[in-house]
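First, the structure itself, so that you have it in front of you.
Letters A, B, C, D and E mark the chains as written, and numbering starts fresh at 1 in each.
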Amino acid sequence: MRTYVLRRLLGAIPLLFGASLLIFLVFALTPGDFIDGNINLTPQRAAELKALYGLDRPLWARYLGWLSQLLHGDLGFSLQHQIPVSTLLGQYLWSSFLLALVSLLLYWTLSLAVGVLAAVRPYSWFDRVVTLLVFAAMSFPVFFLCLLLIKWFAVDLGWLPVGGMISIGSNATGWDYALDVARHMVLPVLTLVMLQAGGLTRYVRASMLDALAMDCVRTARAKGLPERVVILRHALRNALLPLIALLGFELPGLFAGAIVTEKIFNWPGVGHIHIDTLAARDYPVLMSFTLLLAVLTIVGNLLADVLSALADPRIRLR
Amino acid sequence: MSQPLIEFDRLSVQFATEQGVARAVQDVSFAIQAGESVAVVGESGCGKSVTALSLMGLLPPAPACRLGGEVRLDAANLLALPPAAWRPLRGRDIAMVFQEPMSALNPVLSVGEQLMEPLLTHRQLSPAAAWQQAIALLQQVGIARPEAIAASYPHQLSGGMLQRVMLAIAISCQPRLLIADEPTTALDVTIQAQILDLLRRLQQASGMALLLITHDLGIVAEMADRVVVMYAGRVVETGSVRDIFRHPQHPYTQGLLASRPVPGRRLARLAAIPGQVPSPLALPDHCAFAERCPHARPACLHRQPVLQATSPTQQAACLLLSTEEAA
Amino acid sequence: MSDDTLLAVNGLVKHFPLHGGVLGRQTGAVRAVDDVSFVVRRGRSLGLVGESGSGKTTVGRTVLGLHQKDAGEVRFAGHDLHALDKAALRRLRPQLQLVFQDPLGSLNPRLRVGDAIGEALLAHGLCPREALRERVLAVMASCGLGEEHYSRYPHEFSGGQRQRVGIARALALQPALIVADEPVSALDVSIQAQIINLFADLKQQGVSFLFISHDLAVVEHLCEDVAVMYLGQIVEQGSREQVFGQPRHPYTRALLSAIPVADPDARRERVVLQGEPPSPANPPAGCRFHTRCPQATAQCASVVPVVHRVAAGHQVRCHLMA
Amino acid sequence: AATNPSAIPAQAKARKDTIVGAISAPQGIFNPYLFSNGWDENVTEVIFGRLVGLDAQGKLRAEQAESWQVSKDGLQYTLKLRKGLKFSDGSPFTADDVAFTLTFLHDPAYDGGTDISLAKIKGGDAYKAGKASSVEGIKVLNPQTIQITVTEPGATTLQLIGGPVLSRAWYGRGYQPGKLDDLRQYSSKPLGAGPYIYDKFVPGQEVRFHANPYYFAGKPAVPNFIYRITSDATKLQLFQTGETDLEGFSINADNIEQLKALGFANLNIYNSSDYSLIEFNHNKPALKDVRVRQALTYALDRKKLVDVVYQGYGSVATLPLSPVSWAYDTKGVNPYNFDPAKAAALLDQAGWKLGSDGIREKGGQKLVVTLLATKSLFNDALIPIAKENFKRVGVELRPEVSDFNALLAKRKAGNFDLATFRTSGLNDPHDGVARFRSTENEVGYKNAQVDKLINAGNGTLDIGKRKAIYHQLYQVLANDAPLILLANRKLLYVNSSRIGNYQPDVFNGIFGSLPKLKIQY
Amino acid sequence: MSVLSLRLPWRRRQAELASLASAGRTPWQQALARLWRNRPAMLALLFLALMVVACVAGPWLLPWDLETTDALAANHAPGATHWLGTDFLGRDILTRLLHAGRISLAVGLVSVVLSVVLGYVLGALAGYAGGWLDGAIMRLADLLMTIPSLPLLIILGALLSELQVAPEQRIYLVMLMLSLLGWTNLARIIRGQVQSLRSRDFMLATEVLGLPLWRRLLVHLLPNTIPTLIVVATTGVAGAILNESYLSYLGLGVVPPTPSWGNMMDTANSFVDFQRRPWLWMPPGLAIFATVIAINVLGDGLRDALDPRLQARGAR
């Protein structure tokens, strides 16, 4: 097991370099830079500023500079926000994380429950309704859904705030603060859950159907175990193995920020600033953030493998 | 004769499939006495496993699967039981061992855990006691280091070991009937010999009845008291093991016996049964064996034979044997 | 070695490397075939028996050149098979054919069986396109398949018929040697007999077989010569009469006695081997069988036994023969 | 005006001591000279105020400076500060702070958006180049008076030097010329002398302020002010539910109707100071020909565009200037009313003949023009209309839509024929025409007469003289058609009727009335 | 495990026996028959067929022009003249909807075809060749997968818009972008399939039979991957249509005035239109919704039909 993890870690290194190069190139090739976007600058002033930011250096020099900076643990300085990138991301990352985590927990719970129930009675009316709903949820364009929810719950019914993370001017702390945030979270979370739960439910259902068809489930029944035990202990545990791997893949998603959802609900997350930083060509931020996601993807992959290896004695005890 | 332990009475099982209705088992009747070994033989797809599963209540629920007739345990019709009432019988009164030990055990639970489950469910042992009992059971099925094995997972054990574990699970609640569905088909000959030995010992020790399902006549000869021969979902012949091997009555039984090469008795050609088993989706209304039968007569293509006694201990379902046909 | 030698395998070794460690280096090997020698003569058949994992399939595939050997020699009809270049090997292919255990898996589900049988004939230019159908039908007929089967798909056949198709496909090329890897194990009893009879017929027509099986009865029925494998090695080989009549190796004896006999009155005492075959990745030192051998001595655990000739053509790898 | 103040949402009514304004995307650089986006500027206005501001007509207005004097030759500016001026922490606000601010803007490491070189302060370049330890033209006469000497007169100079002032005591701590890092760290702890004091920035959410007791015009009546971050998608919903009190909307009949229907909204509609345009790339041979430029201007139905987009709340632009400006005078300026026939005639004259496919050609070259545009509602209308209109006179239009940054990059690279965008807010008539000066024009437009007139217009502070100069300039420009002027729009700012004294204007936005606001419901 | 190979697993034999009953039909015919029996899938297919016919033929039959603006007829509600109303420039919504349908469907189809070609070729190559080529291709796929797709799409969009392309052609770039990102998944699946097919007995048989390489690949190996391909491609189209709408929302998709369902729905972004003029966004919204559902249902049906053993399996 340890050698396995080590081997995977070793394999991740070239991938990381590849990712950093790819990210750099993609951004370097994008037309426009931070200075180009300022319409009010005279050409002389623009040239001065470009020199100041090192934007006039050749590609390779900029890449190597960035790389060595990264290797020193420095993510750079945001051109647009004038603060270190790490500080900037720190300001926005955690609210994205909170939103993503809560919806992740919710839609996993929901998908597991619904998927298992649907698989236990395949082709029953429950299953058919679930299938229909799942396909419907998977077919909604995001922004459409967000706007609908705001219209219904925030404007027409007035139950929930339109957007943001806290009430205006709120100085609440402790429980009040948590409640306030929770109230603001309901709609974005609902959106994310609706969008994600569909696919996952299908997956759970399929995995559970496979598990229920396993011979060992028949054995468990033959032992006279209660149906609940058969399903939860024998079938579900097997069905969870491929799902555990999926869980690892969710890692980057926790920090990526749901761009459209955050934008529409005014949620102060990284998804929200992502578009702004791109519009301003604030490359240090964009590159660091993208690289962060790449790293998280690689780590998530690794984690997925390790987790499912841990959960599966066939791999754990090889 | 005393009251049989198990009685199949005109059992029939139909599956609704995409292509149509599969008549997997039709009009199967036979009984198993307490302590007796009954072997069911027949080719693939002839309904052996389905017959056994109907006894366990493990067939898919309606409408995918429709059951007819009765299966009685101690004269009580099991098929009429609601699922909840059936469950306590499984594993306690009737236990079952499957063909592929590798997939029959749960890969994510340790052998010990799986062995404890029926003890906890049916005998309400405390976990500690169940663990002790599990170790003892493993010892009973001839496993050398029971503690180590109990803590290991199925993939760490060989097929023979796993089949021993399966047997340990099956006998854990001292069932009155053990169903062994091709318990050695997946194993090597040398291991098969070990498992058959063990099975015999266990049966002798506990006095349980055995329903042995197999396609290997050699195993039948070694293990069974009585034999049920099935073909295309029906019982075509039944009798004591000697009856069946010494004077098989049904042409199918005769064919089966003749089509195996026998060590030390080499023939130039085997007496093969021509043709193939009909699909359960397209069973004829007449004798299903007629097309392959070397002795078939025109009547065989029109009528469905029923089981008839050919001796006090033997019955066969063949029109050739029926008195009116002979007349 | 006489003229009628068709296939001569000498000291064949095939190890499958095992990888492990952080850098994925080779850490060991499955010693699937370890120093195996045998001969198949023209018009005769060699039965290769042994338990699961003993290396039978690997021998068959290495003989066919599907695996690269690690050592030893495979001579087929005078050619050193593993020394041939690709094109030459391809030219030799029709001579040397394979029949599989799983008849469905060995047929392309999307190809009509007539085409499946005929394509190799075309590919090797063994038959003009116009005559192809006739030729295929003839081969099919010799395997008990009718004209109506020509344009069906594999899934439309029963197991036995599929195996016939598989055999016909091999046979169409008029091979000198067919390696049959457990060709009947997947079949029903009544169908098995049909296929066994078909093999018997083919032998009559002069085809030689390397017949791989774990079923001793079938091997006894079909093969003049028998080799018994255990953990990658041949422990006993000889003629049918020698091996079945006077088995010398304790393993062969145990194997023979383990076969259940379809006779309720023949309840005999038998040698029940204890334990299970060790892993070929880590075979026991000395005699590979000593861990299960009822007659093992201290010597067996440390000294590798050599092959003893106990009679003409009868060889046994056992210290007891010394 | 509001028809039904009782409809004010309860949520807003409950906010007794706080006004909530709306802002789009502040980034937290709350330094008037270091911010990089206009939203941060809005925040700094509240915190800092200015020495010299603009009134609703765009005329200079004394704020923190009590008065100013400009020498006859326009080269010397003397500003006098109000008495007893204090920063919001109570520390004195003196001419020394002004000098500090202006000197800081000449720092060679200064990378902010203010280009002080446009003011041409004497000795500025020398300081920047490191050849002097102070800027010669900045002179503190006494704690209340500062004198600035410049090398060229400029109509906009006073606005440049009369901007927000940084406290030397606060920002000068540890500041070394050439190194901005120390100064930069105060961007998140701003100190100014504006009406409100900065409290807190909750990223992505809001910026909070409380009233400044030292504000020169007296402590504002409403104790708290919040800038709430809103977005186009939901700003109406936020206003409707009472989460914001002040908000700006894009102007069209729909929005106005919706807002009126709310009952509690006061609608303030006024002209904006910017204009939208389609720029010609004068380096392209076809577009060098003034007839082609004129033809394209005639060909475009700008009236339809304005009607569709602004629905009566905008007008076709005739001058590069806001209609509210004192310099606005269209007399004698060609309005280029929609006239496809004339456009066709002009193109014919220019030698572009209709081809068989309906596209004009000349010397084997087809008259196909690309148009760079960003994605916006305005362009959603402009592109189909322009395409249709141009097609009618035999010109094929190929729009290319990208984000603004990419548009500017492409424009700079010169790979385009037409580019459309809107100017930023223009305070002085000079701001609207500076782009035509050959030294500043980036797309190859050159006209010596235009250059002369622009310099003359900027070279004096006498409004009467300037007006005449600009009037002449606008006529020359119109004939030259260096670009297609599209539209002057109106702006729509809305306040909840619970807020009193709100009088937004084009030059100050909400800032102008912020200190005077009061809560009336 | 070799022990298991002694006898065919039960389920396999069941399929074997069942298939005997369906003798006389090619695997494709069988799949079609299964599909035919799947009512939801057939409904979905019918719907899609109608949609395609409407989108292809509709704009010709309707009297309105796609691009002609008419300020007087702006924002009309659905009525007798304009069945689905008009937009803010007075263009007929129905005409635009159907025209947009062509484009959205084409974007979906073409981008999937592109990514399928790319993914299929690379996946098959990696699976068959193995060794360093496999390593290289799969590392490339890994690399692409590590970069979150949205930023990459945004950047690619900006990057590609640098090339001088008219908006009508810009959709091809959108397709290209979507496919550049979409191929990795398919490549992985196909690679896995090819690898497992390669070790299947019938592929071994082709080697023993001495068949030439092209025949082994083109006749034996690749046709057996087609069912997977069809299923993946079908559901891919649904994903691509959704992605296009998403990109359009972010201003990176198909660019007005060329209509696509995605950019037509963009009008819903204005709250007033959203609240008061449902005819602007409802038709494209429903079109996307219904088409995507139909494709997904059809994909599900195809999966069941093409591989009965995978029946009732879902994919994420």
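The rule is short, and it goes like this: a residue touches a chain if its C-beta (ideal position, glycine included) is under 8 Å from a C-beta of that chain, and two chains touch if they have at least 3 such contacts.
Treat the numbers as computed from the prediction; the structure is a model and nothing was measured.
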Can you give me the shortest step count from chain A to chain D, moving only between touching chains? 1
Look at the interfaces A-E and A-B and say which one is made up of more C-beta pairs in contact. A-E
Of all other chains, the one whose Cα centre sits farthest from chain B: D
Taking each chain's mean CA coordinate, chain B and chain D are separated, in whole Å, by 90
Mean-CA-position distance for chain E and chain B (Å): 49
Centroid spacing, where centroids are CA-atom means, of chain A and chain C in whole angstrom: 54
So chain C residues touching two or more other chains come to 52, 158-159, 214
Which residues of chain D are in contact with two or more other chains? 233-234, 237, 402-403, 406, 410
Multi-chain contacts only, two chains or more: what residues does chain A have there? 30-32, 143, 147, 151, 278
Would you tell me which residues of chain A are touching chain E in their complex? 14-15, 18-19, 22-23, 26-27, 29-32, 122-123, 135-136, 138-144, 147, 151, 199-200, 202-203, 205-206, 209-210, 246, 252, 256, 259-260, 274-275, 278, 286, 289-290, 293-294, 297-298
Which of the residues in chain A come into contact with chain C in the complex? 3, 6-7, 10
Taking the complex as given, what residues does chain B use to touch chain A? 56, 58, 83, 87-92, 95-96, 98, 100, 103-110, 117-118, 121-122, 152-153, 155-156, 166, 169
Where on chain C is chain A touching in the complex? 20-24
Inside the complex, what are the residues of chain B that reach chain C? 43-44, 158, 160-161, 188-194, 196-197, 215-222, 241-242, 245, 255-264, 266-274, 276-277, 292
